[in-house]
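In order of appearance the chains are A, B and C, and numbering begins at 1 in each one.
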Amino acid sequence: MSAAAILHLLIAFALAPLMTGVANRVKAGFAGRTGAPVLQPYYDLARLLRKGAVYSTTTTWVFRLGPCLGVAGAAAALVVAPWGGGRATLAFDGDLLFFAAALALARFGTILAALDTGSAFEGMGASREATFAALAEPSLLVGLLALARASGELSLSGIYHALTPGHLAAPGGVAVLLVAAAFGIVFLAENARLPVDDPNTHLELTMIHEAMALDHGGPDLALIHYGAALKFWALGTLVAGFVAPVHDGAWTALAAILGGMFLLSVAVGVAESVMARLRLAKVPNFLAAAFALSVLALLLSAHAKGGS
Amino acid sequence: MNLPLALVLLPAGAALAAFLTRADRPRRVLLVATAATHAALVIAGWARGATGDDAEAWLGLGPAELPFLAATSLLFLAASVYGAGYLAREAAAEHVDHEEGFLFQNTREAAFTGGLLLFLATMSLVAVSRHFGLLWVAVEATTLVSAPLIYFHRHHRSLEATWKYLLVCSVGIAFALLGNFFLAGALPRGASHVPMTQAVLAENAARMNPAWLKAAFVLLLVGYGTKMGLAPMHTWLPDAHSEAPSMVSALLSGALLNGALLAILRAHAVCVAAGLGDFSGGLLVFLGLVSMGVAAAFLIHQTDYKRMLAYSSVEHMGVMALGWGVGGAAAFGAGLHMMGHAFTKGMLFLAAGNLLAIWRSKQTSEVRGALRAAPASGALWLTGFLAISGLPPFGLFLSELRILQGLVAHARWTETALFLAFLAVVFVAMARVFLRMVFGEPSAKGETPLRLREPISAVLPPLALGLGALVLGVWIPSWIHSALQGMGLMLGGGR
Amino acid sequence: METFAEVLIILVVLTNLKLLGSSRATACIRTVAAQGVLLAALPLVTSGDAITLRMIAQALVSGTLKAFVLPFLLLRATRGARAGRELAPFVGYTTSILLGVALMPLALALGRKLGVTGPAGADLLAPAALFTLLVGLLIIVCRKQAVTLVVGYLAMENGIYAMGLAFAQREPLLVEMGILLDVFAAVFVMGLVARHIHREFDTLDTDRLSSLKG
């Protein structure tokens, strides 16, 4: 475990909320507003942490556990998330499953906490979150599997290390592009971004992710927001790894991944400014497309390797 | 100019003229005259003997094509005479639907006549095509030209029938195209550029990849079998036959279905040449029996007499598939059956058209006492029943007997038992309907139009077709006999 | 060139998924048109230097037909109809996509079993062709709108065309033009009938066509 590896983890913990700020700033620019400062997410977190929390009498310890699990799961995923040139803080065979499972655990905690309130809106949000996740998660896993098949590696770091521009020209290289597209969709869906979910909505009926956090306040809400930011970063590295496959020294790689994440936030901001939200009934369709792309990529990479 | 090409181009040219002719009467004359010329050319061709012995020729007129083409051409002649009279009677601008009472219009007569002639052209092309690719083009073309014919009466039921016909058959025929590609894929590497004619493929058959050839035959059987009305791909058939004008139904049953059969047989012949005759023949026998069984089931308690005739066509297509699949004497019988069925079913549909014009209902329960209310059509209807059931002295009796002979000669006892059982069920089911319609006092609805609308143009054609069916039963001229035997040999019946 | 062919083939597969997922008839028509163009361009890409004038002519004819003529005919049939959206297909769009996903490995396994290598760089052509064929069938089975059914038929036809390419099968020019003519005529007639269906029932849904039974 090199110093750079530890550093990356620390940078991720420190800079994760910034990404939301960047995206919001870009959106504001598109709308012709000045917008909140880029650091606004930090101010929000600080404000929330200073407040006390109010707990409904119907809730149990599950409600308080949820936000902690959310942060813990996302942080665990970050540990194996590859960055620049495919180096993660920790890498072991099969860590791609660990990655997906950690994120699932985070989601599980948030959903349980939402259900624990017994509120109709939170239950609805939880139900939608679970439905969409059930479609998004297979896409992620199958996509990772396709990459693993193409590279012959079983760890996220190994997979992303094998991604080189030359790889695209090889037979089955198109599969990598398909996975990138699928991950893009998964990224938007898992982070509750347009066109799946609108982070700005104030109408509970149309909320998905936000609806689950309606009853949380103070430090709990801060944890939920922070957990979401970490998740954005963790999944973001998977997408940015395609955009910035740098293999030189550790420090260039670090710069590359930071640049990649920054670009990704800007891209999300731009996309959210120009896209309309899908009707809820259409979202499964969108996610099914991601799944189809992943399966196609898996078949292609398996075919190119000559196995079956 | 060579004869096969002339047989295609003559009706095609006449169709163009029909589209452009404004006056009704000359157009009707054109229709009948073209049909008569076509029939005369076919008979002249038969008298002259086989042409196009060149294995690579795309078109040809030999023993495999002549009986089929003659049946088509003569049936078309009868249908066109009937049709000229029918069109004159249907010339009114608006008509009242018999079943639901709404007003509807007919397709323009010029378009309909042109469509009929184009149908003859494409059917002739199907008959004379020995090249598998061209054959596919021709069979698909028959679907497209005949679809507007089914939609002659423009109302929602015929529209539904047309849509189903178009979609089911087009999808089926698409499979046949895939089958053609597989057939080409079955050729050995070096021979992949030989012309895809039946004779050339049969020459190369021994060197073809058997697995591919089998796959090709299955696809072609499913594809053309849809068009031929083999169960379970027959779903379009009853709808189209019941909603189309009667002479179009007659043409569909007597010509179109046979054309698809011919296409299947060409593939069967290649399989036989490759030593896969048991495989392709077995499939034909199986689908034939399934068709007979399904048709028998639907014939029981059938309430619509045009649908009844349609299911009877499914049954007879099954008989033919069975006969060709068994081979030997049965193949000769199946060839004879093809001609006999074309005449008999044509006669029945035309007679059904007369009954429909008088009673204004396709329900079997509405029509009673046909022999008294409409003596000529009633008699034709009864005779047609006897003929279609395979009673002596009609042609279908002889052909079914030959098929039975073939079955027994090959000691295929299960098939024999099923064949006889299905024939018996069909006979009983149809007898119940026919006899009630023909005998007894004319029903209430039948009394009102006792104007006896039985013009000569509506009686003569079915009568002529009935005579044809009778001739095939009592006296098969030697030239027909030898042609049918040649047909059996060429189309893989000589096993 | 090989990668380029591969990209074209994968795009064909993606158009199939798009067909399964879109509810708008017009979107389906455009997608199947794009699919036709991709397939028309494919032989030019795979044959490398051995391009003949005939191949270019064929690609042009087939491309023009599938890119302009057929979509025009179909779009004309949808005009004025409330054909924008199919609200209640027999099988939902997400389910259709998932069914399509299930068909992919099937097509791949079948295509490999056939052992058709296809032209260079296009060893995936046979599976892709089978997939297109199956998707066309799936659409015909799962949808109700007349125009969408025709789109399914066209997808099937595209699949068969692609299969022909995979066999590197050169039909005589006359036959190939005949096949194209038949496809054109089929779409023309089906488009006409679809318009009549619309006029008769004020909808393009074919589940209104259900009075003939037995």
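The criterion applied here is as follows: a contact is a pair of C-beta atoms (placed from the backbone, for glycine too) under 8 Å apart; a residue touches a chain by one contact, two chains touch by 3 or more.
Values in this document were obtained by computation on a predicted structure and should not be read as measured data.
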item: By number of C-beta contact pairs, the top two chains; value: B-C
item: Distance-to-centre winner among chains (Cα means, whole assembly as reference); value: C
item: Centroid comparison with chain C (C-alpha atoms), farthest chain; value: A
item: Averaged-CA centre spacing for the pair chain C and chain A, given as whole angstrom; value: 36
item: CA centroid of chain B to CA centroid of chain C, Å; value: 31
item: Separation of chain A from chain B, taking each centre as the mean of its C-alpha atoms, in whole Å; value: 65
item: Partner chain A, residues of chain C touching it in the complex; value: 2-3, 6-7, 10, 13-14, 17, 21, 93-94, 97-98, 100-101, 104-105, 108-109, 112, 124
item: Contact footprint of chain C on chain B as seen in their complex; value: 131, 133-134, 136-137, 140-141, 143-144, 147-148, 151, 154-157, 159-164, 166-167, 170-171, 174, 177-178, 181, 184-185, 192-193, 195-196, 238-239, 242-243, 298, 302-304, 307
item: Chain A to chain C touching residues, read off their complex; value: 169, 171, 173-174, 178, 284-285, 288-289, 291-293, 295-296, 299-300, 303, 308
item: Residue ranges of chain C in contact with chain B within the complex; value: 116, 133, 137, 140, 146, 149, 153, 156-157, 160, 163-164, 167, 169-172, 174-175, 178-179, 181-182, 185-186, 189-190, 193, 196-197, 200-201, 206, 208-212, 214
